[in-house]
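Read through the structure below, which is laid out as structure tokens, and then see the notes.
Going in written order, the chains are labelled A, B, C, D, E and F, and every chain counts its residues from 1.
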Amino acid sequence: MPQPDHISKLGVPDPAALDEDLQVIWHKCVDKLGFVPNVFSAYSLKPQRLRNFMAMYNEIMLSESGLSKLEREMVAVVVSSANRCYYCLVAHGAAVRMLSGDPELGEMMALNYRVAKLDRRQRAMLDYAWKLTETPWLIDDTDRAALRDAGLTEQDMFDLSETVAFFNLSNRMASATDMMPNREYHRAAR
Amino acid sequence: MPQPDHISKLGVPDPAALDEDLQVIWHKCVDKLGFVPNVFSAYSLKPQRLRNFMAMYNEIMLSESGLSKLEREMVAVVVSSANRCYYCLVAHGAAVRMLSGDPELGEMMALNYRVAKLDRRQRAMLDYAWKLTETPWLIDDTDRAALRDAGLTEQDMFDLSETVAFFNLSNRMASATDMMPNREYHRAAR
Amino acid sequence: MPQPDHISKLGVPDPAALDEDLQVIWHKCVDKLGFVPNVFSAYSLKPQRLRNFMAMYNEIMLSESGLSKLEREMVAVVVSSANRCYYCLVAHGAAVRMLSGDPELGEMMALNYRVAKLDRRQRAMLDYAWKLTETPWLIDDTDRAALRDAGLTEQDMFDLSETVAFFNLSNRMASATDMMPNREYHRAAR
Amino acid sequence: MPQPDHISKLGVPDPAALDEDLQVIWHKCVDKLGFVPNVFSAYSLKPQRLRNFMAMYNEIMLSESGLSKLEREMVAVVVSSANRCYYCLVAHGAAVRMLSGDPELGEMMALNYRVAKLDRRQRAMLDYAWKLTETPWLIDDTDRAALRDAGLTEQDMFDLSETVAFFNLSNRMASATDMMPNREYHRAAR
Amino acid sequence: MPQPDHISKLGVPDPAALDEDLQVIWHKCVDKLGFVPNVFSAYSLKPQRLRNFMAMYNEIMLSESGLSKLEREMVAVVVSSANRCYYCLVAHGAAVRMLSGDPELGEMMALNYRVAKLDRRQRAMLDYAWKLTETPWLIDDTDRAALRDAGLTEQDMFDLSETVAFFNLSNRMASATDMMPNREYHRAAR
Amino acid sequence: MPQPDHISKLGVPDPAALDEDLQVIWHKCVDKLGFVPNVFSAYSLKPQRLRNFMAMYNEIMLSESGLSKLEREMVAVVVSSANRCYYCLVAHGAAVRMLSGDPELGEMMALNYRVAKLDRRQRAMLDYAWKLTETPWLIDDTDRAALRDAGLTEQDMFDLSETVAFFNLSNRMASATDMMPNREYHRAAR
């Protein structure tokens, strides 16, 4: 039985009818990645929401930070693992494989990050990501102290927390729309 | 013992040193509300993050939608109740009281929304908000069908889902920073 | 949509038909508080049960103890927060505000006690109250030792435990009957 | 290694020093049961608390009700099973065995009531007892309707709910004090 | 209402039609125990599955090991308590009573092992059994170190883990088939 | 940082020192798969345990059954997903990809089986596998009826249940030993 080929259960508008700024982005994606990520297509149902989502995404995942891009992708996958989000695990699992050149690391982040061999700082970051995702109400000074002890600055802690927070948003948009990842992610960097 | 008077455990920069566009917003807040919401102060640690957060917030909570502003605030409070987020319960609980003119409704949303007298559409929205917050991986076609049966369009479902998703982000930023709400919220619209 | 105006979903007998001793109590309540607490009305469905409930309540909450009346009310609210009991959060949240003169403290106890600034003894009491409510089977000598270390005597530990236990009873009676709190509590001591 | 022989980890006063009314009860227990139930000894640390506890216990478990005494004991055991309360499972498990003459029924109530062969009314009562114990905040009109459909009156529903509520109190007192049951219960009615 | 008298809800083949090797075992059971354990009857629906189950059971529970037979039965009961498995709690609870000569120990293992008086090594084994049953994904080097500190060798840890794992299998077979224990277990070694 | 290269945290004996029957199996594995599955190496710490494990595994996964081999592997992966077992997700995820020729299906089973497009019978099997894994004590006649309605016979239900049960065993052995999967699985059938 062939797997689902929808992008979003709430429907996706005709890309040819999108505003010009979005069409430009669509073309750039095809040039660079070979495809338009389905999260953009799903979000294009409400164009201004998409613009805000992309602005926030780019700032959190791609701007300067004390956390490397790989570390931010690792956090993304661990949050998505806690929330069992199919779209984000497939898309950001691929990103971990690509950025690390280590296919097993991607699998470990997606399936159970505790089995991975990590330095103390990364392990502290991922333990925090899991707790802030599952029981945010229990986060207290002890958790912040553990991050400081592992070498994170206040700015790093802000960036880490916002990465966790953002994927708690995007995991829920993906689950809400039954968003399916582009098939290209599955084979990438295996 | 006096209650905490910090704004964020990650520190808050001097407002006088903020970029001009943010200072303009700070002044507008004081004019309109009498104070700058602490979430803005806490987020000003990273100004571009704040701009993105405000853009997303304004679009989700204030733009045209099939969900009324009160309904969006009710969703915000129910999500924050599931996540036991002090900042958001205090600030958005006040918003429900103000927009509804019904102080009890605000309390019910914060403490246990199931005791409130709601029409079927609102109850369906809040049940969905709770489930998408607590177990996003269990959301399926049945849940989307229940919303449709209660009268929501696809666009309404997108707006509802993004409101839920957004407060799952902001609840975690508040917990991560131990964000304290402005005291003015406590007495508002009681 | 006006909020519910029932007192109990199991019905409430005509107060004029109650036994004389209860009528005397009803009058005292009106004299002192301005109203009869709805928990008494709900419980008057079975008068002897009400008498026992009031006797136990008065002894636990009002008799001499190493725990102050405010501390006992704080425990009541924290237990009710774990159990998300609307009636008890509203009624005893008001009591915390009144006894402490600190409206924020009442909100913190109801929404997430971990954000409050408390001395070590009070924090230990509330952590114990939460654990004894949520996972009583995990309470062991370690928990009793933590209370002793925080300065509680055996008698204090008995009183604390019985307060926790009692609100685990009354939370369930309130949920079982969908008990609605008197509206006067909402505005009290804001 | 011999099993614990303490009665309560908070200590038990010398029975010879108790008030006369309690000594009378102690003697009656020995006459009737052959021993003083340890819950009384543990509670005698605070004599007035014990009097209130006994008054409430007797009314709930022994007074006239639409629920038989056996049914009330079955509810007591199912609540204690959810809370994994050793004292109450041993003492009230024995009561189910004695009142029913069916040793297996006592075991089923303690270990997993869902395996027992029960009529629809009893099964509805025990399902309600489990839910009101584990997630009281989710109880709503649907649950009350299920009880009504199974034949319970409003008075029966009050009695059932208070039995559930009471054992949520006593389970926590037993866990708080690490209360050990009298050894006589183990062999009774096997 | 008499309790259930089925053996398995998936049906049990006529013992007279079983292969000869199984009939020999049936006879040995009757000779030695007075009855054929119902788990064998239930499993005989698929004879080769039964042979494998018995081989594994005998090796784990009866072969040479650093864990005594009593300790292995204690682990069996604690795992079955976490999984609330009626069949295994009744059958192996009886085994703990018989092997220890201590009826209370059997009850403690079944109802809440934390109340038992155990040496440090046994307590460490049972804490591990509970955690490996409830949250196997959280087991890490800390847990293995705790066992080593309590005196277990690598071989002991293997045996302990396989006992835990095996009862997580057999608990699920019992729940899947609603397997009823032989009545003889109830009275044994009380 | 290179990922872990141990096989089991409890150690692995020298394969050259294994009994001859096991050496024969080791050679067959290398011939057929190119490697010895690490679960065999880990289990060879106790050779008789390994023999029993292999006998049970082969019977459950490879013998005649109303469930196809692919379906049994799907069940294996869904159980391992509930238990977040790295070893089994990697090894049996590869098996699903190989047997189905559908790499996405393997990912869906591992990450959230609810997003897959399945026929009613397979969906019923996987829902049952999840429930029997997470809350075996709640399985009752309703669950068995759902399987029957989806077309399963009593023998099929036995096979399905034993597959679920077996992976609840093997997931725990993998977590107990921090078992690492052979690297070959990662790239297989992508």
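Here is the rule we use: a contact is a pair of C-beta atoms (placed from the backbone, for glycine too) under 8 Å apart; a residue touches a chain by one contact, two chains touch by 3 or more.
Nothing here was measured: the structure is a model prediction, and the numbers come from that model.
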Check every other chain and keep only those touching both chain A and chain D; list them. B, C, E, F
Interface with more contacting C-beta pairs, comparing A-F to B-F: A-F
Dist(centroid_CA(chain A), centroid_CA(chain B)) in Å evaluates to 22
Once you find the CA centre of chain C and the CA centre of chain E, what distance in Å lies between them? 44
Do you know which chain D residues sit against two or more other chains? 84-85, 112, 137, 140, 178
When you check every pair of chains, which ones turn out to touch? A-B, A-C, A-E, A-F, B-C, B-D, B-F, C-D, C-E, D-E, D-F, E-F
For the complex, which residues does chain B have touching chain D? 112, 114
Within the complex, which stretch of chain F touches chain D? 137-138, 140
In the complex, chain E residues that touch chain F: 9-11, 45-46, 48-49, 52-53, 55-56, 59-60, 63, 83-85, 132-133, 136-137, 139-141, 144, 154-155, 157-159, 161-162, 164-166, 168-173, 175-178
Chain A to chain F touching residues, read off their complex: 1-4, 81, 84-86, 89-90, 102-105, 107-108, 110-112, 115-119, 178, 180, 183, 186-187, 190
